[in-house]
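In what follows, chain A forms one complex with chain B and a second complex with chain C.
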Partner chain A sequence: MATHRVRRSGLTMPVVTKRFVDNAWRRGCDFINLDLEDSVPPHLKAYARSLIQDAIPNVSKGGAEVFTRINHDYILADLEAIVWPGLSRVNYPKAEYGAEIRKLDEIITRLERERGIRPGTVEIGANIETAVGVANGYEIVSASPRVKDFGGASGYDMSRDLGVEMFVGFDQFVYGKGECELIARTLEVETRASPFVANTTGSVSDPNLAFRQAEAARKCGFRHGGGLNPAVVEPQNRGFTPSEEDVRDAHWVLEEYRQLAGSGDTWREVDGRIIDRYEAARARDTLEWASLCAERNRAKAEAVARVQAAMAEHTS
Partner chain B sequence: MALLIRRSNLIVPITNPRFVSHAWRHNADAITLDLEDSVLDTRKAEARALVQEAIGQVGQGAAEVFVRVNKPVVHADIEASVWPGLHGVMLPGVETADEVAAAAELLTGMERQRGLAVGSLQLIILLESALGVWNIRSILTASRRVTQVGLDENDLACNLGISPLPEYDPYVYARGRLAIEATAANVQPVGIRYPLGTQLRLLSAADLHQMANDARNLGMKGVICPHPSWVEPVNRAFTPTADLVAYNKRVREVFAEAIASGTAAVPLDGRMIDVPVDEWAKVVIAMDEACSARDAEKKAALARLA
Partner chain C sequence: MSAKIRRSWLLVPMSKADRLTQARQAHADVVVLDLVEFVTEEDKPAARERVRPAINALQGCGAEVFAQVDAELLYADAYACVWPGLTGVLISRLEAPGQVAEADTLLSQLEEARGIFPGTLEIVAALETAKGNHAAYDISRASQRVSGLTLGRADLIMDLRPEPSGEIHAMPYLMQRLITVAHATGVMPIGAWWRAPDRGLLATPDNTYQAARRGRAIGFQGSLCLLDNQVAPLNQGFTPAAEEVEAARQLLMAYDAGVAEGVAAIRQNDHVQGERIIDRGTATQAQRLRALADACAVRDQEKVEALSHPPLAIP
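Up next is the complex of A and B:
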């Protein structure tokens, strides 16, 4: 699986809450998702739009990518306000039809051209939050090459659509998540999903839960995180990054596999483990992902250091 | 659109006069007179002749009345079933949209013939085969009469060639597909949590309530009840509890205050309250009101009988 970007952690925040926006760069996120949708009250939508252009460089100065979540019902006004240099992705909530995605693509294409942004830069995140969205997933992903990953089909909106309570202790969304994963893999975009980890509290700020969820997701081959509370950023970064032990193990597997190459066998057993080309491929995948994560950590650390140096210079 | 409240649908073998005469006493939201699996092949004709009178009998407590027909003799069964007082037909073993369209057309003809409002009779679809589960989308959208859909898990097991083990649910995919596709088509998915759909056992009311509650949290909107003991715990499981209603009223208040103060995301008891949570609260409150209205309707009917 080709990995598009490293997006282990990210905070979704109302762009109208200045305190959140001003501190976003300090949080260590891989991305920041500036929200125009559910966390912004209706009477503040216009004001919120006016804040995005300045917020983009502000929240990204610690090395995070910048996304914006727009409103399902105001796509033109929202896109006009947000497609500026520095924006990586538009998150479109409650995606239900391919035609919606084509419309977004058309507007984004025009704005990229008008505003000197390299064509195709801005991705579309098609958020699946309804049964209709799951049912039409294939046409949604097929609608635009800007859709680079796909998943969802769980969470509050989905639970409302199905009429189920959240946090009941069993996986209510297994079919929808499975459908989305199959669609993503069939159409060769990244899959964005999470395995079921029992959670009956619904806490958005529990670091231990966040770590368990991230680690379980990584072990199932998923790499996308994100949340609402700064307390989950570090645990998500950690949970989605292969541990030192995982990296050591991957090197060991590859070494054993190299020794197998000359033997004429296709597999062998070492210390109760089967070493074969599947294990070797998994090990290479782990090492590749670990190195992408390390690179991302380095880039963010450098960005933060630059900001801090500039701040020190400013105060002295 | 008014919320359809059909939490419990009690199946009654029409050839058992005792069951038919007592059915109205169990407080089911709907009662389905069965011409299919619970009637011997040799008694099908006799069974059909009983429907007209039974409709009035089982409907006296304000339950909606349905008839489950036989797939091979849909025509004769529907002809014997469409009388004033009938709310619709339960169609078993559906595999294609054509079957639904054909049944809908039969209903239109009979509605005209017997002086019922055209289009008033509903369809409840039962899927009993892999083909039916696969074709669910075209089946549910074949007629606007379709209001509910469920799996017949015993027949489905036969079709799949499996003997289901109670500890491993073989219908995770089928039931998940049911919940998603039915919701997408604005049809209510119905069913009980596995393995109760395949293992007819008598459970305590508490266990039944738990199984029905789990079914609700898998997206089901009601349960087809093979035994009167299911009705009360099922009704209870699909009615929002007083605690849930109180909590969601609080959610609405807290969220309204947040909006007034300029934010649409506010913590409450460690959870984040935002638009979807508020929207969900509205659903719970509306559901509570609709359940109360339905219960009052049934209570009024019983009071008239007393």
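Up next is the complex of A and C:
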């Protein structure tokens, strides 16, 4: 499995809403996604672009990575406004063709060069939100090495494109999600997926639901979170981080696995559980992820402490 | 529908010779001599040496014999396995049609060198990685020898874990994809619909039976398994139940009577499904079900008779 960047939680916010942006660093997110798209009305798009360069250092001072979601139809104007040092990722909504991604890559490559950003720094998040996007998933992922993860084919826009209800008690996106996941795995980029957890209420702020979804996703091997409401940040951080019990269990599995060596057997059963190389790999994965999460938590806590110290100095 | 009845494919690791005697008696439709999943790297050379005697020891037990070989170690594994008495190879972790073409050529050479009629050996493609599944359609058409597709241990190899619903992540999609490709290319879809806590072909006999029933319901025709006690549940699960066969018989009787009177469709009352319309499509399904049940019975009888004879003495 590819090295995971730790992106358990993140808030997508309209860059024009000052109080969201100014408080973003306090939220404990692994990333902040500054939105130029659906949460910004057309008459404010130009103003919104003008805010990004200053917002990047502002929202990241608590240790979060910064992403920007651009508009499908204003690629050039949006990219000119957002590709500045500190930006990790451009999220491109309603990706449908490989040519779109190649165009993004070309412009980002130029802007990185002009603005002193190391080549290849800025990732492209290709959001699949239409049937056309699903059909062209392979060429979309193949179009640029900046596409480092892939998945989706679910959510509001996808349900609108298919003309189906978003909040139902069953998984209405089995095919699209399966197809995108197979493409991600085939092209060896990180898989962005999550198991199906019924949400019939449409709540985006229920901390318990957020925790259940995050925990189920982690137990399935997935690590990507994100949301719209600050109430889901902490539950996602917690749900996507292995619990102490999971860490203890992983050590136990590896210890049991070591005892297989030299026996000539490839598996054995201990306390009703199978121990084999696959379980050992999952255990190693859990430990590696737990240590990445701990490192990320530490880095964020230190960043927040630095800001608070600076603020205290400023007021005294 | 494939003519061959291959409901249970029992994997027998070649790391241990002792499983063979039990495997002979297990009533599996197919015994798969494994050089891949259950043999450690250090053990492989010794395990390869055991394959030829194992093929001989299994002759006359009523099971067809396959060998599971590693796509990456194809030459060494195939040289060890291709002997008279082998029906085919199950190639693990196939990812590209070119590998199938290469395997086809190699099998032809070995058939010629070892006195096997050309084209005898079949290939079952185990698509256990994303690349393999992505290329499934081309892999399945890459050689006339391909007779089956399976996901093998994809759940473990692709690290697909259980979801809260009990489904193993992505498997509903991958199973349907494989079954569609298999039918599109006229080969047998091999697998069962496993759910948590079933894992990597391991399950209790009862869960194995349920996985076989669900698997048959979505189009699988037989499945791999690891333990002797999974064989009977697979055989039973992939065989039409007596009630199904009886319902089909009654349905066909009523339909034939209707057709004789000059109608294309009849209404039938059935205690399971209530009133329904029977047309030619439904009748064809019922005929196929009866044919499958008959073929399963013939296969079961063959195995019983084979096991009633003493093992052939191999010089």
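Throughout what follows, the second predicted complex is superposed on the first by the 313 of 316 C-alpha atoms of A that agree within 3 Å, B and C clash if a C-alpha of one lies under 4 Å from a C-alpha of the other, contacts with A are read in each partner's own complex, and residues count from 1 in each chain.
Operating definition for what follows: a contact is a pair of C-beta atoms (placed from the backbone, for glycine too) under 8 Å apart; a residue touches a chain by one contact, two chains touch by 3 or more.
Computed from a prediction, not measured in an experiment: that's the story for all the values here.
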{"item": "Touched partner set for A:V132, first chain B, second chain C, both or neither", "value": "first"}
{"item": "Touching partner for A:N199 - first (chain B), second (chain C), both, neither", "value": "neither"}
{"item": "Partner chain in contact with A:T121 - chain B first, chain C second, else both or neither", "value": "neither"}
{"item": "Touching partner for A:D38 - first (chain B), second (chain C), both, neither", "value": "first"}
{"item": "Chain B versus chain C as contact partner of A:S142, first or second or both or neither", "value": "neither"}
{"item": "First (chain B), second (chain C), both or neither touched by A:D157", "value": "first"}
{"item": "Contacts of A:W267 with chain B and chain C, given as first, second, both or neither", "value": "second"}
{"item": "Contacts of A:N23 with chain B and chain C, given as first, second, both or neither", "value": "neither"}
{"item": "Touched chain A residues, chain B compared with chain C", "value": "B"}
{"item": "First, second, both or neither for A:V168, with chain B first and chain C second", "value": "first"}
{"item": "Footprint overlap on chain A, where chain B in one structure and chain C in the other make contact", "value": "174-175, 178-179"}
{"item": "Complex contacts: residues of chain C adjacent to chain A", "value": "13, 15-16, 37-40, 43, 129-131, 133-134, 156-165, 169-170, 172-174, 177, 199-200, 202"}
{"item": "Contact footprint of chain C on chain A as seen in their complex", "value": "1, 174-175, 177-179, 181-186, 193, 195-197, 212, 216, 219-221, 264-267, 274, 276, 278, 281-282, 285"}
{"item": "Chain B partner contacts - residues on chain A that touch it in the complex", "value": "14, 16-17, 37-42, 44, 129-132, 134-135, 155-157, 159-165, 168, 170, 172, 174-176, 178-179, 201-205, 228"}
{"item": "Partner chain A, residues of chain B touching it in the complex", "value": "137, 172-173, 175-177, 179-184, 214, 216-219, 221, 244, 258-259, 262-265, 270-272, 274-277, 279-280, 283, 287"}
